[in-house]
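Order of writing sets the chain letters: A, B, C and D. Residues in each chain are counted from 1.
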Amino acid sequence: MSKKEYCGLFAIYNHEEAARMAYFGLYAQQHRGQESAGIVTWDGEKIREHKGMGLVPDVFTERHLGKELKGRIAVGHVRYSTTGASLIRNAQPFLVRFGNIQMAIAHNGNLVNTLELRRELESTGSIFQTTMDSEIFVHLIARHLHNGGVEQAIAKACERVRGAYSLLILVNNKLIAVRDPNGFRPLALGRVQDAHVLASETCAFDLLEAEYIRPLEPGEMLVIENKCVRSVTLGDPAPTRQCIFEHIYFARPDSTVFGEVVYENRKRMGQILAREAPVDADFVMPFPDSGIYAAVGFGQESGLPLEMCMIRNHYVGRTFIQPSQTMRDFSTRIKINPVRNMIKGKRICIVDDSIVRGTTIRSRVKKLRELGAREVHMRVCCPPIRFPCFYGIDFSSKGELIAANNTVDEIARFIGLESLHYISVEGLLSSVQAKDAWCLACFNGEYPVAVPPESGKACLENEIALSW
Amino acid sequence: MSKKEYCGLFAIYNHEEAARMAYFGLYAQQHRGQESAGIVTWDGEKIREHKGMGLVPDVFTERHLGKELKGRIAVGHVRYSTTGASLIRNAQPFLVRFGNIQMAIAHNGNLVNTLELRRELESTGSIFQTTMDSEIFVHLIARHLHNGGVEQAIAKACERVRGAYSLLILVNNKLIAVRDPNGFRPLALGRVQDAHVLASETCAFDLLEAEYIRPLEPGEMLVIENKCVRSVTLGDPAPTRQCIFEHIYFARPDSTVFGEVVYENRKRMGQILAREAPVDADFVMPFPDSGIYAAVGFGQESGLPLEMCMIRNHYVGRTFIQPSQTMRDFSTRIKINPVRNMIKGKRICIVDDSIVRGTTIRSRVKKLRELGAREVHMRVCCPPIRFPCFYGIDFSSKGELIAANNTVDEIARFIGLESLHYISVEGLLSSVQAKDAWCLACFNGEYPVAVPPESGKACLENEIALSW
Amino acid sequence: MSKKEYCGLFAIYNHEEAARMAYFGLYAQQHRGQESAGIVTWDGEKIREHKGMGLVPDVFTERHLGKELKGRIAVGHVRYSTTGASLIRNAQPFLVRFGNIQMAIAHNGNLVNTLELRRELESTGSIFQTTMDSEIFVHLIARHLHNGGVEQAIAKACERVRGAYSLLILVNNKLIAVRDPNGFRPLALGRVQDAHVLASETCAFDLLEAEYIRPLEPGEMLVIENKCVRSVTLGDPAPTRQCIFEHIYFARPDSTVFGEVVYENRKRMGQILAREAPVDADFVMPFPDSGIYAAVGFGQESGLPLEMCMIRNHYVGRTFIQPSQTMRDFSTRIKINPVRNMIKGKRICIVDDSIVRGTTIRSRVKKLRELGAREVHMRVCCPPIRFPCFYGIDFSSKGELIAANNTVDEIARFIGLESLHYISVEGLLSSVQAKDAWCLACFNGEYPVAVPPESGKACLENEIALSW
Amino acid sequence: MSKKEYCGLFAIYNHEEAARMAYFGLYAQQHRGQESAGIVTWDGEKIREHKGMGLVPDVFTERHLGKELKGRIAVGHVRYSTTGASLIRNAQPFLVRFGNIQMAIAHNGNLVNTLELRRELESTGSIFQTTMDSEIFVHLIARHLHNGGVEQAIAKACERVRGAYSLLILVNNKLIAVRDPNGFRPLALGRVQDAHVLASETCAFDLLEAEYIRPLEPGEMLVIENKCVRSVTLGDPAPTRQCIFEHIYFARPDSTVFGEVVYENRKRMGQILAREAPVDADFVMPFPDSGIYAAVGFGQESGLPLEMCMIRNHYVGRTFIQPSQTMRDFSTRIKINPVRNMIKGKRICIVDDSIVRGTTIRSRVKKLRELGAREVHMRVCCPPIRFPCFYGIDFSSKGELIAANNTVDEIARFIGLESLHYISVEGLLSSVQAKDAWCLACFNGEYPVAVPPESGKACLENEIALSW
């Protein structure tokens, strides 16, 4: 079922070198998915595609970009899945043909009624090719296509699915972009020369020297065809529930996401945290790299010097996105090395963006102790994560979330800290701009879209996992 | 549409090392398809698969056979397609899952109403994954599955399709083998230890030291499940129309096909040909390797010495199965070299199995002339091929069949022969055992199953080729 | 030490597409070595090279032939080594540079004083890169180069080495071909357009449509430079001792080797054998493919019908050249399948070229018995092989040669034959043309060039094997 | 000639999992060379090796570490070469065998009399396999080996070569480490459990949890055999001339190099720079990542806030080590993206470690202007680089060093800065500990070991480049 997906989306309409632009658009968003990458183009007669496992530069060669992926429209996708089955079969964009229609779909987010819909479709003869949520859209669209055009069919499909989705759909000469009614996942519109561009994050626009126009609205469907861009509102309105974790951790700091600058928000979290929970220490230090911007804010607000004395090995990837559980400890050790002389005898305040399971941080703090740190304090710029996300962020299951089962004091003891403070939910909300527009389910368990009961869900997943 | 397919099928039910047996069962039938190979197994819970482009030994490694392809049931397939698009996507067995059913299908033969069925299915929401005939079966079965079991659904599907098909279907714990009502393509049943085996040709049984039991009957569906083998007759009876080209050229001489020994039939063609068209020559000579058995028969009947003085480079494949048109001339030259001293001043009688386009033979005869041959005669042990095959043998299009547009004399002149004789249809039929049971459409244009009008067909193929 | 090498040599001087010609020159000689292939060219300024493990078509791509291997002079080599260590490091031609000289050497044959020379060279500072005999030449040449030109240095090197060698040396703009004083291994000169060509066998010339001129003489060094071909006689004359096994088994039947046509010689061996040892049988049958030409001769002389009813799987290589001992049995089974109906109740006479260890033949005869053969006789067109070869043919060690330790009767019993006859040495010699010019050491133990005592040799080989 | 090499060395003696330790020892030093990696081990009887192009994790698999690279002694090497020819042939450690001696050598540094020595050796029969400096050692050692043991031969070889070298030599059961008399390149000794370890940088020790003992002395040869470690002083004493660029840029900040902590030195450079050249700006900002530690020091000393608003794409490597000139501009753009909102209207002070050609910095500054920066100042924590390095650091040729041909004012104008200040040589020297022990040739042109005249050198390089 490939629950829990990160993904990065990119599309461009009406550009000489559409595929090459898509390549760089994905390249800039590589942090959103390192497992597979794909680009499809429309060459005027048919959709061309290339997909592969691995990083963008490993998947595409000059031959793909210069020769094979012809056409002025391109849609690209990078994907990261936490399920064991990392299969090329599940790489996106997902391409199908029915009759004289060719359609490619790229999806970011996670649906909550996949299994129910899949059973219904299969029992009436649909044959699924993959385990992806995204294929649900395709079959729903295929069923609705003969009574009306493709836009109506997409709208109908969106009425059936529930959950989080930002979609890019290439269908013959048309590019269609959709953001779900709650607006869980980002999607932004831009412009470069005569072309329209769409991306999950604006850092993709910067690399292409494209101009950022605006985020898509929740529940908006954008249809681009020839020179024309039409905006359609899908179904019934719903409260906006943007994923605040994009700002805490997931998005690049140089991106604008949901219309807000990530770097500024992240630094402000550090400043508010410094006010909420001051500390008496020799210096402030991030565990690179995600906590660094909050640490800058914390340092400036508190007046404590900032040191960068946890040295990262630049030839290793980031911990949060590690392929297998068994490698996590290895990665922690190999990724960061403290400057010994800077640690010995010091009172250190670590600033980090979040604590999920706490095990990596614990082993790092242990290392600091071994090297002679006198005191180790910690300040965290998101509230305790107590509930799993069903809309596309991978916080393992509830059992693995340390804050779901432990008090802050217990966590401090587990990690081995002199003091530990989390930012408050109010503090966090005052760090961002939009008011009452955020999904906070992982902090407070209030899920904007109802999810199936735990037991049922697990059972369904097993059922499918068994056979695929 | 992947018209014109050769293929080799193999299956084994209830064997410790089912995948390994399938490997060798395909290996022995490699001549039936060198483009791709695949094996699926049923491990008791799910179907496992491995497929790849290339020869059997290139596709499978010890890891696949010893570890991954677990289970006591296996189905294998080798494939050769003459269409430009040789895609891994089109490799077989073809595997689908719907609901809790997993099904793999391997197909040899060619359907004639594919496009019509495909359009019908797509217009009601089916999404095709490939361009193969075989996928038609899958969607038809999926549509019929909810009213009755899998066997009924297969029977229903067979009622809808028209053309040539031998099928092997693995569905959960069950193995189902089908031969179409006309029996165009072969399929034989055998036994080894406690296992049942099925193969296109019995040479596969010999390699596995399996005992040959009998050919499947035309229109027979065999259902193997646990210890039980049930035989079901499909639909309405039809006249048996076995492909005589299996005996002329395609099958291995050590195989029994449609219940008859290929070597004996092929040698007998040569003997009858020697009686029908005697020749005054210094010696008889095959163009290795396919004509060799007819040449042995011709030599024995005529009393002329047999010489083997066209030397084959053992590191090249056989001409008839060449991947691309552009390489044919190269292959002809590199494949065979005459022993010069044996040719000079001699009157030579070439015996060969067939003439399709005549261009390869022409260039070889030209070479013999250059080396000083005094006379070159030719005897061919199949009648002139004047009509294309729509049931699975690749004689290019009608325009390329030399006998479609030329008299025997014209062909002799084209090739540059002192004399040329083809075996008569009667002579051919007296070389084989079964009476009135053969498809002779390529010789006489009488198609046992009606085919769509030429123009329509070409147009349909283009339509799909365009978009894939 | 890479004892026991087969190899195929090819060179061309002054051709527009020298590398492409070399490719096909090697392709035609692929039977002489399937382990590795290499081509070097001189582009006017430097030697370019490409080598790889595997068959010629696997090693070279259009890029190599069309772009990288520039120049009008090319030298190629195919190699087969029976030692376990099949290393790319040991592929030829072997290329070195010293000062402003670049030299590539391709070698067919085996030296007998390699180890002695190697020790001497290493003790004075030479550093060897490989375990090949051929590198001895290179270091000897390097040592002699500063007092005289490259030709003198090669002549000096040839004075030091003892054993079998045909050499092709490319040094800057010059191509030098050498055949050792006894002429153990073949090397032929030809011409195509304005180019000179050299090859181990003339089948390479046929493919290139080159004209065969003559074999090199034993002890002849040919120097080709610009338009000029000079012939130099090396050192003291020695009796000519050509390897008769090239005619019995190794060379292609369409080749002229040592100036004699292989097909004719091989057929004549069968004829003489039929006279020396007639048989009362239903038919004569080769074990394809090597015995086929002798079987044709035997059939014609004896009047028995020739049947080709042992069917070869064309997708497997030849038994004699199998990479590893453990695979031999597997290969035997998979390679040949008898036509069952032809065997049952028959009296069969097998004609084969040679018996080395007898185990493969034994298992095949056993199979014939199982299929109901009434009598199995065998006629072999070379005398019993009783002694190992030290000049480049791989008959395992003496312990493995069945005729070294058993009488003909014992061998017949071992294999399970009604009768067994070998051709006599006199019969063999009357099958070929040249008189008193053959190495018969494997039959009679008379080694034309003295070899080190058995024990010493083994010990030396171990010593090196240990460290490489 | 592979001039200008970076390299990382690692060795371990007497460890159960020597190869695995070497893998991580190289992994931690990956920044010293990304082109190729290699490990050799001594298994008690012979040296085993594996080398490949690419990063450490790409070159080695579990099979290499767990099975093939057996033994308790291992030597590893990572390499980066700036010459066009990045060949596997040139990967290290370099392995040779002569007689019963097997030797592997790993080399960091650059010799200045390579060509002279090579000519001398080749004219007396030595055959070189590579274009590496390191092979000179091997041939010199081979020549000296017969009069004395391997240590004497190494000592003799070191007497002949001139230039920079840290060496690790594995010869049978012995591990020998050498640092050249001037001590240009680092080499440190450590200990883990019962094993001795050697590495270019101590970050390798940290990862392995090994204890750092001391740097090797300039001119010291360490011989490790069984439980015994002997220290030998080579030849005549020379003034210590350590490469100060290791501290400015090249080494990892968490390493101790030449006995000094890189992080502290680098931060101190920033502090001294803040005192030497204060600035009136809104904030200090590094161009990540190399300038970050100096920026921390500058910020603390000056009291200006530090911002990290140039965001690095973590999926790209560092600019200084780019494979080809043509990609540099692309890399600059793709590597770093400014946070737009932080730049607009600001007075920015950039702190960086060095300016080589200035083109990358220029394009970044231009970008800041385009985004609306009000003022851009720059502070550089090494003096102007005016002279090329012949001992192993790649500052292109003199023509490409911007400071060789331009005043500081001219550079400021070229880059487009409001102000530019370099640290003074005195300031730099007061940032580090050792007194009068540094090579400053790149700043002042005083070369500790004489180099061949410019013209001669270029010509020699061309001569060799031509033929390889």
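One rule holds for everything that comes next: a residue touches a chain if its C-beta (ideal position, glycine included) is under 8 Å from a C-beta of that chain, and two chains touch if they have at least 3 such contacts.
All of these numbers come straight from a predicted model, not from anything done at the bench.
Asks: Suppose you hop from chain A to any chain it touches, then on again the same way; how many hops at least until you reach chain C?
Replies: 2
Asks: Tell me, which chains sit next to both chain A and chain B?
Replies: Joint contacts: the list comes back empty.
Asks: Between chain D and chain A, is it the same set of residue numbers doing the touching on each side, over half shared, or a different set?
Replies: same
Asks: Where the centres are mean C-alpha positions, what is the separation of chain A from chain D, in Å?
Replies: Comparing mean C-alpha positions, chain D is 38 Å from chain A.
Asks: Mind checking the centre-to-centre distance between chain B and chain D? Centres are C-alpha means, answer in whole Å.
Replies: About 63 Å, centre to centre.
Asks: Can you check how far apart chain C and chain D are, centre to centre, with Cα atoms defining each centre and the answer in Å?
Replies: The computed centroid separation for chain C versus chain D comes out at 51 Å.
Asks: Counting only residues that touch at least 2 other chains, which ones in chain A make the list?
Replies: none
Asks: Under the stated touch criterion, can you name all the chain pairs that qualify?
Replies: In this structure, the chains touch in these pairs: A-B, A-D, B-C, C-D.
Asks: Could you list, by residue number, the parts of chain C that touch chain D in their complex?
Replies: Residue list for chain C touching chain D: 45-46, 96-100, 102, 119, 122-129, 138-139, 142-143, 145-146, 463, 466-468.
Asks: For chain A, which residues count as touching chain D in their complex?
Replies: Its residues touching chain D are 24, 27-28, 30-31, 34, 55-56, 203, 206-207, 252-254, 261, 263-264, 289, 292-293, 296, 299-300, 305-309, 311, 313-315, 317-318, 333-334, 337-342.
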